[in-house]
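Contents: one structure, followed by commentary.
Letters A, B and C mark the chains in the order given here, with residues in each chain numbered from 1 onward.
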Amino acid sequence: MTIKDVSFERDRPDVCGDAHPKALLKAIQEDGDYLLKLSNQHVVSADQFSQLGMLQLFRLAAKYEANPRRFSTSLQGKILISAFYEPSTRTRLSFESAWHRLGGDIMSITDRSTTGIAKGECLSDVAEMFNNYGDCVVLRDNNETSLEEMIDSLRIPIINAGNGSDEHPTQALADMYALFKWRPDLVTDEADKAPIKIGIIGVPDKMRTVRSFIKCLVKFPKAIDEIVIIHDEESSTQLFGEEQKEQIEQAGIRIRTTRDLEQVLPELDVVYINAISWEGDTFSTYGSEFHLTTQSPLKDSAIILHPLARGQELSTDLDSTPHNWYFSQARGAVFLRMALLTCMVQRAERVIDVV
Amino acid sequence: MTIKDVSFERDRPDVCGDAHPKALLKAIQEDGDYLLKLSNQHVVSADQFSQLGMLQLFRLAAKYEANPRRFSTSLQGKILISAFYEPSTRTRLSFESAWHRLGGDIMSITDRSTTGIAKGECLSDVAEMFNNYGDCVVLRDNNETSLEEMIDSLRIPIINAGNGSDEHPTQALADMYALFKWRPDLVTDEADKAPIKIGIIGVPDKMRTVRSFIKCLVKFPKAIDEIVIIHDEESSTQLFGEEQKEQIEQAGIRIRTTRDLEQVLPELDVVYINAISWEGDTFSTYGSEFHLTTQSPLKDSAIILHPLARGQELSTDLDSTPHNWYFSQARGAVFLRMALLTCMVQRAERVIDVV
Amino acid sequence: MTIKDVSFERDRPDVCGDAHPKALLKAIQEDGDYLLKLSNQHVVSADQFSQLGMLQLFRLAAKYEANPRRFSTSLQGKILISAFYEPSTRTRLSFESAWHRLGGDIMSITDRSTTGIAKGECLSDVAEMFNNYGDCVVLRDNNETSLEEMIDSLRIPIINAGNGSDEHPTQALADMYALFKWRPDLVTDEADKAPIKIGIIGVPDKMRTVRSFIKCLVKFPKAIDEIVIIHDEESSTQLFGEEQKEQIEQAGIRIRTTRDLEQVLPELDVVYINAISWEGDTFSTYGSEFHLTTQSPLKDSAIILHPLARGQELSTDLDSTPHNWYFSQARGAVFLRMALLTCMVQRAERVIDVV
């Protein structure tokens, strides 16, 4: 081992500080009713969240992030069933960390072949089992319809943590939370004074993260001036899925598509990049010609978001620049999930003040 | 995602209510001595439980089920080693949920290939390791003799959670608990006023669940009028293992075998069905010609038990009928295991009143 | 199942008692400063521990072992990331048990294929993720350099739990702790009155346990009279790695090598044996001609240490003899890790008296 210095620094003066979450917390007035309503809802699609509902979630997430040690027992006595039938560490650990931070216990299933499903058990029976064994289910499955097969039998809430190429709603909520931490003014009445241009490098029809993200963005038309989809040639023929483009236009947000990243970059306030996509049983990489590096013609004030894990498309030399908000986005995902989980298992009343 | 309604109901007016466990709780007088004795015993076989010992376990299980939120710290500071070397979710999660519900921590081993056994470690050394690392072991292994190889080295209790085709004693206890929740009068002096006829669809010599279940049934001869084994032709030649039939007869319970399910169904108060069996390294399905559906000539008052997971043999159209006690059975398994585990790790005195 | 007696004894009058840890506790004067310093250090190599630092760790381990129920909440609210990318139960469960005994929560990764690394994620990104999700990382990886690739990005401490054939520092600390429990006088000023001869059956250049153990031994020259390396012919040509032999000599400890186990055994106070070694992607067995049994010409007072898991090289007939200190060594490893983990996550001040 050639490591000479084994010491490390716990703190780093970066976007991980608490100034941003505190500012966001201040910018949103508490209204607990929206959170209490989450106690009898599954989380299936980003569609189901209203603007006001999202804002209350972001507020609670910011409250957690600004006081990371204050709420450590909100989920005491609750059991999470963490069922990841598709490879994932990042999302699984993010949920599990969120649950543990609040004092809950966890049962993990990371391999379908170790389960009764291997013996031919149907998913509605698995759901019935989950009812008896836990208080909440987080499910990731490469099969888009598994969630549907379970949902009617469930008497405890389930969260869609990525179902094939369909949706990944909590990732999108975490993305929005990062956006508003960066610019808390975007949640206020003043949002339309400086609305943002967002470039999305990706294929809305193929990528669950992009699909869910757009569904959230359209709920904030005052904050969003324009969405620019940056795509490769191959994806040109089927860039949007059914109604995706219409949804954006109906929200009153301008939409543009381009294949020239370099040309559009200088205009963008936010660049959302994500080059990995789940398709059927394998991963695909889209837009491999697109790369962001410190040489890219980014606006000085522009930020980059990436749901991670990243590949070649996002250079690590950007990590130490102010463009790097993807690490803040990853960090915030834990607090966002803490907020959501608290509400879903009927513990919101322990952490909110105003109902 | 085509799911339109994401709301759900937490409660359902079914056998999952607390009326049945409360009635059973009332029917059994507490005698803590039987529970305290469990603190220095492994759980290997259903043979080892006496009628009075079982009743006290069922009473504690009913106490837990009737007050699911009252006892949440009985196992605080205790560590469970959950070692499942054979595919299982249902049993594993049932044990882990039971342990977590009482505030304990868990270390899971779900894959033999990630263990030191892969390096050629002998099981008595594994047992010695477990002594140092945990307070209780739950073991499932397709190798019948693994338990025997570990037991002499253990100074903490171990539970047989299914050893090949041999036994699955805690499943049998959960089955009995479901039976007595359904008819609490069967544990009283009045049991012989209306003893029950139980049909078992399966092969006592091949199925660990059936083997362990029969060992429990014979301890309650006043409650059981007759056991009818319903089997396919293939199993006719070796239906019973050594002494299985004799044990039933010696208990004074009538025993009958038949291959005609339809003919015998109208007589039965309880139908126990289980078409999956573990044999050697693979699963086998027995009696694939037997099916229970809403068209089956069941008595109106008859109940169905099934250790689950189920296959084709038990139609889901029965789920919403009063015959469905298999869901109650599955739910009760958690509370039964909570009762057993509490006693085994010397925490019975925290939950019993009368010694 | 042929097991007739299901009862067991929890206690056994052996080296697992608390007399030895209590004696060691008494022999070392507390100096908390050495423990507080561990709060901003990774644990990479046995090199990084000074004699005084080790002694304080052994003292805290002995305090835990002498009072196993007294400190059950020191790690409450802390989350361990247990990442074992190489097969292991013993080390993983030892760490997880240590963490749970102190009230902390755990997230486990036991299979690389279920992780984002399978999607091509780089290790520094994994490290950044760990920063957000946990409070401490324990890493085992057959790739020697994985630790190096993560360390610069970490803002939480990481522990090397075995990196290929390089090092396994916490195993070595546990080995030393066993040694000093056996002979607490060896940590005092009187150590040089009866310094010990240690025989090591193994190849210092190939075995991570031996490499790390020697790095610890050289910090205690007063206690160690001589180290005898017992090796097979095959290993003769490359017995020592760079500077390994020099390090021992510079410490003023005599060093000898031999291929004749039987001849040297009668001289030895301690025999350290370990026949399994990790090399590249597979395990190798060295010195298969060496066996310890009750027939071996051991000194009456000699003790045997073995990091376990064992193979043929160490006969189980020695288990019930006073030579068996390998079980005490395994048991102590949990308490040693409890001590180390407590300090690394800034909770030392909860358990020490004197700073």
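One rule holds in what follows: contacts are C-beta pairs under 8 Å (C-beta built on N, C-alpha and C of every residue); 3 or more make two chains touch, one makes a residue touch a chain.
Here is each chain with its UniProt name: A, B, C = Aspartate carbamoyltransferase.
All values derive from a computational prediction rather than experimental measurement.
Peer 1: Mind listing the chains that sit against subunit B and also against subunit C?
Peer 2: A
Peer 1: What rotation angle superposes the Cα atoms of subunit A onto subunit C, in degrees to the nearest 5?
Peer 2: In degrees, rounded to 5: 120.
Peer 1: Residue numbers at the subunit A-subunit B interface: does the shared fraction exceed half, giving same, or fall under half, giving different?
Peer 2: different
Peer 1: Based only on mean CA positions, could you tell me how far subunit A sits from subunit B in angstrom?
Peer 2: 41
Peer 1: What are the residue numbers in subunit C that touch two or more other chains?
Peer 2: Within subunit C, the residues that touch at least two other chains are 105, 108, 111.
Peer 1: Across the complex, what residues on subunit C touch subunit B?
Peer 2: So the residues of subunit C touching subunit B come out as 1-3, 6-12, 69, 72, 84, 87-90, 93-94, 96-97, 100-101, 103, 105-106, 108, 110-111, 276, 283, 308-311, 316, 327, 330-331, 333-334.
Peer 1: Mind pulling up the subunit C residues that touch subunit A in the complex?
Peer 2: 40-45, 48, 77, 79, 81, 105, 107-109, 111, 113-122, 124-126, 128-129, 131-134, 144, 147-148, 151, 154-157, 160, 163, 166-167
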